[in-house]
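The chains carry the letters A, B, C and D, assigned in the order they are written, with residues numbered from 1 in each.
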Amino acid sequence: MKEMSDTATLLVWCPDQRGLVAAISDFVFRNGGNILHADQHTDIEAGMFLARVEWELEGFEIPRERIGERFRNVACNFGMNFELFFSDRPSKLAIFTSKLPHCLQDLLLRREAGELQADFALIVSNHPDHREIAEAHGIEFLHFPITPENKARQEAAELAALRERGIELVVLARYMQILSPAFVAEFPNQMINIHHSFLPAFVGAQPYHQAYQRGVKLIGATSHYVTTVLDDGPIIEQEVTRISHRDTVEDLIRKGRDLEKMVLARAVRLHLRHRVLTYGNKTVIFD
Amino acid sequence: MKEMSDTATLLVWCPDQRGLVAAISDFVFRNGGNILHADQHTDIEAGMFLARVEWELEGFEIPRERIGERFRNVACNFGMNFELFFSDRPSKLAIFTSKLPHCLQDLLLRREAGELQADFALIVSNHPDHREIAEAHGIEFLHFPITPENKARQEAAELAALRERGIELVVLARYMQILSPAFVAEFPNQMINIHHSFLPAFVGAQPYHQAYQRGVKLIGATSHYVTTVLDDGPIIEQEVTRISHRDTVEDLIRKGRDLEKMVLARAVRLHLRHRVLTYGNKTVIFD
Amino acid sequence: MKEMSDTATLLVWCPDQRGLVAAISDFVFRNGGNILHADQHTDIEAGMFLARVEWELEGFEIPRERIGERFRNVACNFGMNFELFFSDRPSKLAIFTSKLPHCLQDLLLRREAGELQADFALIVSNHPDHREIAEAHGIEFLHFPITPENKARQEAAELAALRERGIELVVLARYMQILSPAFVAEFPNQMINIHHSFLPAFVGAQPYHQAYQRGVKLIGATSHYVTTVLDDGPIIEQEVTRISHRDTVEDLIRKGRDLEKMVLARAVRLHLRHRVLTYGNKTVIFD
Amino acid sequence: MKEMSDTATLLVWCPDQRGLVAAISDFVFRNGGNILHADQHTDIEAGMFLARVEWELEGFEIPRERIGERFRNVACNFGMNFELFFSDRPSKLAIFTSKLPHCLQDLLLRREAGELQADFALIVSNHPDHREIAEAHGIEFLHFPITPENKARQEAAELAALRERGIELVVLARYMQILSPAFVAEFPNQMINIHHSFLPAFVGAQPYHQAYQRGVKLIGATSHYVTTVLDDGPIIEQEVTRISHRDTVEDLIRKGRDLEKMVLARAVRLHLRHRVLTYGNKTVIFD
């Protein structure tokens, strides 16, 4: 199989108008780029254009440090918003965790398997339990115990730690603290949570207990960007699995772990590959 | 393949205690019955025992008209509640429908295919549109237009029609009127609705529009027994299907139709085969 | 919601090279078209480029009867193969059927529901059973009984009937005759079959019986373009459903009907919307 | 929630006849047992009766070491075959592994999470790579390099090691050696393999490559008891996931890992909880 070269990826969004696809693809072509993936979505009702274009850097005539600047000229003509990424510049990532290890362990094993191209720079927890896991994977571990009294102070310390390390994506891997709106606002569309229900069903605490009480026949998990409204951010991925009357709450929790792991991992992978664009409270997934 | 003889089915529920399975199976065995299916569920937390036993009538020594009376003696010793059904005595069924034909047509085609063993006695609608479909299938059609003014009177007329025909199961096949609590109370665990969402998400009107607004990645359908609380009755069956940002509300409605048809048909089939037991606000499905 | 205007759709395939997306989108843009959907796939291993572009005809400066000719100039420069379709020129379709009605009825009900934009011109059967269904839907019905002796002659007559009516898509809706290679060759990538198994498992006759014997835990259905090798053509869509040891062969057949209906309908819809491109023995689905 | 006491589980199979359920449940009841789960399946075509009954040992009047002997009297009257298990006597398990770690790691993490009640006594590999994983989990690791020349000798050594440790279940967690018929014959219905395809599709080597070549739209995984015919043993569990033309063979391998992990873990869990009965080449799953 042909070796993949490094690639550049543009995410573009703006009001819909004629010539957008042509302008983007022409920019790539004129400068000697070979498009590997081009995908586009027009939300006719909202009048929005959203696109993702990925091309090989090999043979591209613009040096990578000037691509953004050069594309800005194109973007200005159409009022495009855009982001530019390079496949050999992986995102810096921090994982927040509490006591449940399964999502953390799952992400770390997928990293080992080469599924998640990212710089796993930091693990943050309000409990000391997972320090050993972090160390076994050679990742820095910071313990910030949270109480009602120290919460604001600790969040400030966490934020400082994230900034210092240049963290670009925060993954809440069953982190059981609710982060303050100010903290959340620092990571717009850059903080991914896993909620252990099929949202919007069973918002809030103990969704498996809620599901058990309601007698549903399927349970789910939802990964979403965190916003200041609890469990209400743009949904990236969801999955469900079948349960029956034989399943106790403990069975739901057990079956749910598999959902949580997979749904969170898929969302993180999509984000890391720059395949998610958010508009309004919804996501476009370029897969 | 061996020809199936007619069968008797017992549904039994009571507080859990020692000897229940033995007592039921002994009753069948002592009287010469051959058990085809025996399934049982103990809800340990609730201390409830629920069971379903089906046996061949051929060779059974108690004449069928006396089986209920004879089993009552066993039941009394344990405080069992029970229901008794015979496979050659299909339930009498009425379908309520409005303007959308897909669930109605689907049920009628499944009847033709031999999937639903019931006496399809009546189709009721608040619109005249489906009279032709009813007639093509040789089923009586009654049109009861509903207005805020005539609603109570029309419900009384509907109820009289159902009673007169001895209807034992009412299927709401996308019937768009909310039935009054008094009407609902006439058919406890005998009225099945299809709601076009994954309950408890998107209760009430226009669930596909709600799903579109929320940006979910899966849509669902739920069949449940109707209670006096809207979309809150015991759930019999649920199913979901994947959607994407490319799907408009119209696409959701289209994809949802397939879910609605299948989920309603499965629930009706389970009910007609006496495979559903309700306790609290939940169902046990003996499949 | 904004009214959809009529659209043109280009399907393009050729060896991969620089500038393909730019050339196609530039063609649309320069001539005043607004792209609604643009999707592209590069098979890096095979060095193949495949794309689908759909744009609004309203405001497009080239009259529709000349679009193909004008695009041919672009295509020549790159060695592109292409097909051009207009949304207001639905394909002419014939359904072949035998004794099982469910796929036929399902397609006809979806047509009524507006899910399948096509000219349902003809129903062909080797049995007379479904004449009434055809007539109820106002579709011409031709009965060609097939025996080993008359098969070649009848196929010739069928082919003449299809040609005469300008049929562009043949749908085998559980048609139980194997068509001759010569017949198949007349409809390359224009004849869709539904096979009642998860291909390549259980090729040939009685796949549900085969599945029952093997003790699988899921059964499936597969829609594919027909080639001269039995059940071996490019797969368009597949789906599975769970079964258990409790399911008899009859249960498998019943559960399978739902799969067959959905999988065939999805494939036909994808084809009719020009969302399928075939290369090698595989399909690209632009959904 | 009520604390679960230890339980006894009977698996019973024999030709179908009147009185089987009554005899088993009467045995439990007469001796003071409380049945928690009773499930039964009659294969009418094959004339086979298969059942699983689980009851609380607390208050049961027969000492556990004599339950088998006492039930034998009941079994003899009906020609029943049976097996008896106790929930506080977990099975002894060995995992065979090669170079791919994901199934091994998954099983070990599920053990940590309390999902798999077993005595993980041994990890065997034809490569040294996973010694560290074994040690991190405190499990003995034996390395048996296999060559065509030493294969028979090494298998004999493996078998001796398994016997010495009283291994009752062998789990092939992506073990890449084919075991000899003689070795397989030592573990009838006690050796579980995970095959990375939806069997019977893509038997043998490189099923993901086969799936890619065939252009299927779903890939699967299958866990089954190992028999002397390759990939042909009784199937315990299967699952599939959707793929598209965008997925390379590497993507199939990545997506397949999730399937393999879940399908193998489910099968092992079912076996360890004595929920699987095999007859002919099929399984009955009492879940």
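The rule we apply is simple: a contact is a pair of C-beta atoms (placed from the backbone, for glycine too) under 8 Å apart; a residue touches a chain by one contact, two chains touch by 3 or more.
Being a predicted model, the structure only gives us computed values, none of them experimental.
Q: Over half of interface residue numbers shared between chain A and chain D means same, under half means different, so which is it?
A: Same: when the shared numbers are divided by all numbers used, the fraction is over half.
Q: Report back the single chain whose CA centre is most distant from the CA centre of chain D.
A: Between chain D and every other chain, the largest centroid distance is to C.
Q: How many angstrom lie between the CA centroids of chain B and chain D, rounded to a whole number?
A: The answer is 36 Å.
Q: If you average the Cα atoms of chain C and of chain D to get two centres, how far apart are those centres in Å?
A: Centre separation, chain C to chain D: 42 Å.
Q: Going through chain B residue by residue, note those that touch at least 2 other chains and give them in order.
A: In chain B, 1, 44-45, 246, 248 touch at least two other chains.
Q: List the residues on chain A that touch chain B in their complex, please.
A: So the residues of chain A touching chain B come out as 41, 43-45, 198-202, 214-218, 220, 234-240, 244-246, 248, 280-285.
Q: Show me the residue ranges of chain A that touch chain D in the complex, using the header's touch definition.
A: 1, 102, 105, 109, 113, 115, 136, 246, 248, 254, 257-258, 262, 287
Q: Give the list of chain B residues in touch with chain D in this complex.
A: Spelled out, the residues of chain B in touch with chain D are 1-2, 4, 16-23, 25-26, 28-30, 32-40, 42, 44-45, 242.
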